[in-house]
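Listed below are the structures to be examined.
Shared between the two complexes below is chain A, which pairs with chain B and chain C, respectively.
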Partner chain A sequence: MSGVNSQPAATRQNAAAHAPATANAPSGMLPLRFILTGVLALAVGMVWVAARPDVLTTYHYNQYVIALTHLFVLGWLCTVVMGAMYQLVPVALETKLHSERMAKWQFVFQVVGFAGMVWMFWIWDMKQVGHFGSALAVGVGLFVYNLARTLLRVPRWNVVATAVASGLFWLSLTILAGLSIATAKCTYESAETLAATSVLGAMIHGLRSLAMFMARFDQLGAMHAHAHLGVVGFFIMVLVGVSYKLVPMFTLSEVQSKARAACSVALLNLGLAGAGATILLRSPWKPLFALVIIAGLAVYGWELTQILRARKRRPLDWALRYFLTALALLVPVSLMGAVLSWPTLPLNATTGQLENVYGFLGLIGVSSFAILGMLYKIIPFQVWFTTYSQHIGRSRVPALADMYSARWQAAGYWLFAAGLLVTSLATFFSHAAGVRLGGLLLTLSVGTFIVNVAKILHHLVRPRITPLSLKPRPGVPTDTSPAAMSGSSSPKAENAFAV
Partner chain B sequence: MRERIIELDVRDDLRRGREPFSKIMLTVAQLKAEESLRLLAPFEPKPLFAVLAQQGFSYVSKALDSGDFEVLFSRHAASLKEHAPAGRDAAQSSPPAIVELDARGLEPPQPMVKILEAVETLPIHAQLHAHTDRRPMHLYAQLEARGFTAHSEEQSDGTFITHVRRK
Partner chain C sequence: MNALQLDEAIILNALREVIDPEIGCNIVDLGLIYNVRTAGTKARVTMTLTTPGCPMSESIAHGVQMALLNLEGVEDAEVELVWDPPWHPDMMTEEGRHRVGMTPR
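Showing the complex of A and B:
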């Protein structure tokens, strides 16, 4: 008799569960170009804060603050999140990116759009802001269409997909709101001479009508609604959704309650829909919807705590500490949001500075700190996968953690935390020297991040690949099996014969 | 060059209740590249097939008249044909050997690393069944480029088994 064993696994046959053997994520360089551009914008923004502390010590409704805010929001956060989503969404949702080519075109529109907008905000040329904003909107349109088509291929819809779809919706609405606000700040003298029947004339007349419609709303309310739609609707929503996939993955845990996860996303959506409208209309119902958003974040925090409690990998690495510290900052930011939503709160020097701290902590404390943490997972993997994937199993390749310095990473964490604390306090008290010091600490932190990114990128230029062959032990043939490489047989192997 | 066969008889060890695994693995570790192992056991040592497959060994197993089993392990699949029972080509006609790999409980990208390492030493006619916590999305293109096909099946506990074989 001769034979070989076969071990049929008791599997649940599921047609949708069979995945094709094709590439699912885009090439590694696509997300990297978005991410590196974003990191450059972050560095410029931090230097800007240190160089011009008045952007935080004065009320935020001025051209310089708006220019800097759009550098952080569009240049840093949006660009990085978009690049990361091109990579993460297809992998997390077990599908394939609809079009890599479309994503490459979007990159061009994104960079031209945000750079032009920041520049034009700085010199306060709103017509040109509108033009560069339109270029950016074309890019965002490509991004939303590309990811929407990708989502349509998702084999099994889940809370991550819902959060991503919600994020795309709120991003689209944010861009439309932003363009509408810019439209309202322009004048349309040529409408008097251009016939509404020509293409250009119809466009100018349409823009003038939109500007007249937008004039009904309070300008500050419209700007705050626009900001909340973008930050809560896109950044926070995507962070929440993606973390339901990434945190269990990196801590070796599971989502503990799908209902709780779904509830958090639903409350965020409901709260934001109400908050967007009530902020725009300066309605007394603002606190109610602020509380709904806070309830969504609280449910999210509850589920995240349960995920972390159930984790099998007990130590939290520095990347996760960045991320979780940022999420913890949602507590003070939520409290400030609740206070600032109070309809009878007077706008004075104190509340004005509190609004600055609220915006600063929302953008730099929560969103940026969290994204820096995630980038410590994403960038090493992208570079490692691009450089070494063909060599795995055939040569010795470095581990992800060997690609950068954990010391620089830890130093970056403490510098960032200190920078946030100093800048927030100094902003509240309108203390320019303090804001400058905080800005310097944050700049140094970003510097440590850039040093580590440079170390990681160095692998693209000079890969560290060494042959697998070990020093042969006397009498033992060269063996490249995993068991031999690890130096011992696995425990499973030890028991195999005795089964 | 003709292979030299090293014989190891563990029948007596097993009858005396002694665990022969260490003895077998020590002998395997000392095999030179051109040497094969003929193992004599009172039963067909099926779990050992997968363990040695991970080290690049193919095998031919046959029952002896005494009821015992003789298994020839070799790194060179072609040489096994000479030893296959008459009328049978083990490598061609037998169902494929299955190498089980447990890559669960690992932080990404370790599951992918373990699987790609395992396929590099996968015997010609063997299949790899890789157990993972998540669907290994980055793996498929890598396997495709290395001449393998793969498909994943979700299990009732939410984990996945990915079946990998040569095209």
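Showing the complex of A and C:
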């Protein structure tokens, strides 16, 4: 009797050339723990905006805004993207994750690191920010190493792999920049009493030297460079890269021009290298590199449009609508970025609020909206894979779209879009009540998402499985598992497979 | 049922119970089944997937094997996963096209 693993030689040969992608994926619970933690951070962040609208109605260079920003960036976006990458990178690039154990350790460092950083930013204890930031950096180091080793095993290097590798590089640089900024905000009195020859002394002296080096740069410029490297270099880069795999997969299409896709990633990398340096140095060349990044995004938009035009699956489901709406927001965000990069732009209240809108739309409009859309694909898949993959063929199992409510999903879309509009306008006009209303709409939207996540997770404890055949046959693993036996069954499904 | 009755129609009917969970359509109407052969109590299916990086590939191939083994008269089932010729939407049946929202031919 053949088993799943006892396939014929021809199959094995083909499998060697194109290994079954699921075989490469880590266990479903690994990405889920990252994703659920991230969603919790998002919910807390949205409630925070509604409760404290002053974080958006005042200039962003203060401890509360920095704390909230790090909650969104590290707690929500980074945690979710890392969890998703542990799943997506091996699957999309047809290789195996280097170490699942390392990823589990990274989760601990990530949670301790970001939670401590947000707390310490809130009370503005920069020394402790540095300590928790170091813990986070250890985790990021594990993540980057793990993914880099995974990428080294990729059988066919392509634009997705290039984008992921680029994202890892920019993430590493972002973390180093962030730690350097935190170092520069600390004092090192003990350096006077500690000899540089001891381990602790060498570390303190090294940190003091780094702080003195960082003092050469404008603090605001360094913070803005750090933010752009992280958001554009990691989140946008990874979104661009994986979408070249996922959008064709979800819409039954294919990349229309590999050269165009490669060009978009190359332009983003070139623009980021220049933008990082010119923002840090407050150089008048900032607009040039802003335009290079915008050109990269425009080429990406061009290719994505072509992919969508060639799609065979005509209706765009709500998950893709979330994702594509987020990408459409790159247009206003890019325009704002171009304006704000202008060197002679006066730094007044209007400019400050425009910067707030720019940052808000970049983080919540583009990155978060896109990731929420992708999570409507990733979470059902994880749960489906954990719950149903062993039952398919023996029982009737639900499709991914049957695992949650499309109505809640649509309601969440419109609430999120309305929340973005209201919050952006209210932020620009420094209107606290408007920001509160926008924050509430966004909170409600996240609430709908959590309801749907709960519906999806419910399949882990009460699977919907209808056995197709209960005839005991020698050697055939008839689906008599408790899950299958207790699964709901429709009248149509009963004896649907009597041959 | 004896081996003679184990024809392609019965096997395809069984495989219609195996869905691509992302697309929500069964693999037969999606056009993923390239060939079905039977010999005695042995059934062999040659199939593909919509993309080599399909995250459901292992589950779907496993599901095909289970569906075959669930058939009376099948004692041995083999699933051959091939990528040549690559799958194309034109391989879908009218039912498959309807399910993914494509216009009828």
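The rule we apply is simple: the second predicted complex is superposed on the first by the 447 of 499 C-alpha atoms of A that agree within 3 Å, B and C clash if a C-alpha of one lies under 4 Å from a C-alpha of the other, contacts with A are read in each partner's own complex, and residues count from 1 in each chain.
What we mean here is this: contacts are C-beta pairs under 8 Å (C-beta built on N, C-alpha and C of every residue); 3 or more make two chains touch, one makes a residue touch a chain.
Everything numeric in this text was worked out from a predicted model, so none of it was measured.
Within the superposed three-chain model, A:P346 lies out of touch with both chain B and chain C [touch as defined at top].
Contacts of A:F381 after superposition: both chain B and chain C are touched.
Contact with chain C, but none with chain B, is seen for A:R314 once the two complexes are overlaid on the shared chain.
Of the two partner chains placed around the shared chain by superposition, chain C is the only one that A:R396 touches, whereas chain B remains out of contact.
In the superposition on chain A, contact is made by A:E94 with both chain B and chain C. The contact surfaces that chain B and chain C form on chain A in the two complexes overlap at residues 1-4, 7, 10-11, 14, 17-18, 20-23, 25, 91, 94, 249-250, 252, 312-313, 381, 384-385, 389-390, 392-394, 400, 475-478, 496-497, 499. Interface residues of chain C facing chain A in the complex, by the touch rule stated above, are 1, 10, 13-14, 17-19, 21-24, 44, 50-72, 75-83, 89, 100-103. The part of chain A that touches chain C in the complex is made up of residues 1-4, 7-8, 10-11, 14-15, 17-18, 20-23, 25, 91-94, 245, 248-250, 252, 312-315, 377, 381, 384-385, 388-390, 392-394, 396-402, 468-469, 471, 473, 475-478, 496-497, 499. Residues 1-7, 9-14, 17-25, 90-91, 94, 249-250, 252, 254, 312-313, 381, 384-385, 389-390, 392-394, 400, 475-485, 489, 492-494, 496-499 of chain A are the ones touching chain B in the complex. Residues 19-21, 24-25, 29-33, 44-51, 54-56, 59-63, 84-85, 88, 90, 94-98, 100, 102, 105-109, 112-114, 116-121, 129, 133-135, 137-138, 140-145, 148-156, 158, 160-161 of chain B are the ones that touch chain A when the two sit in their complex.
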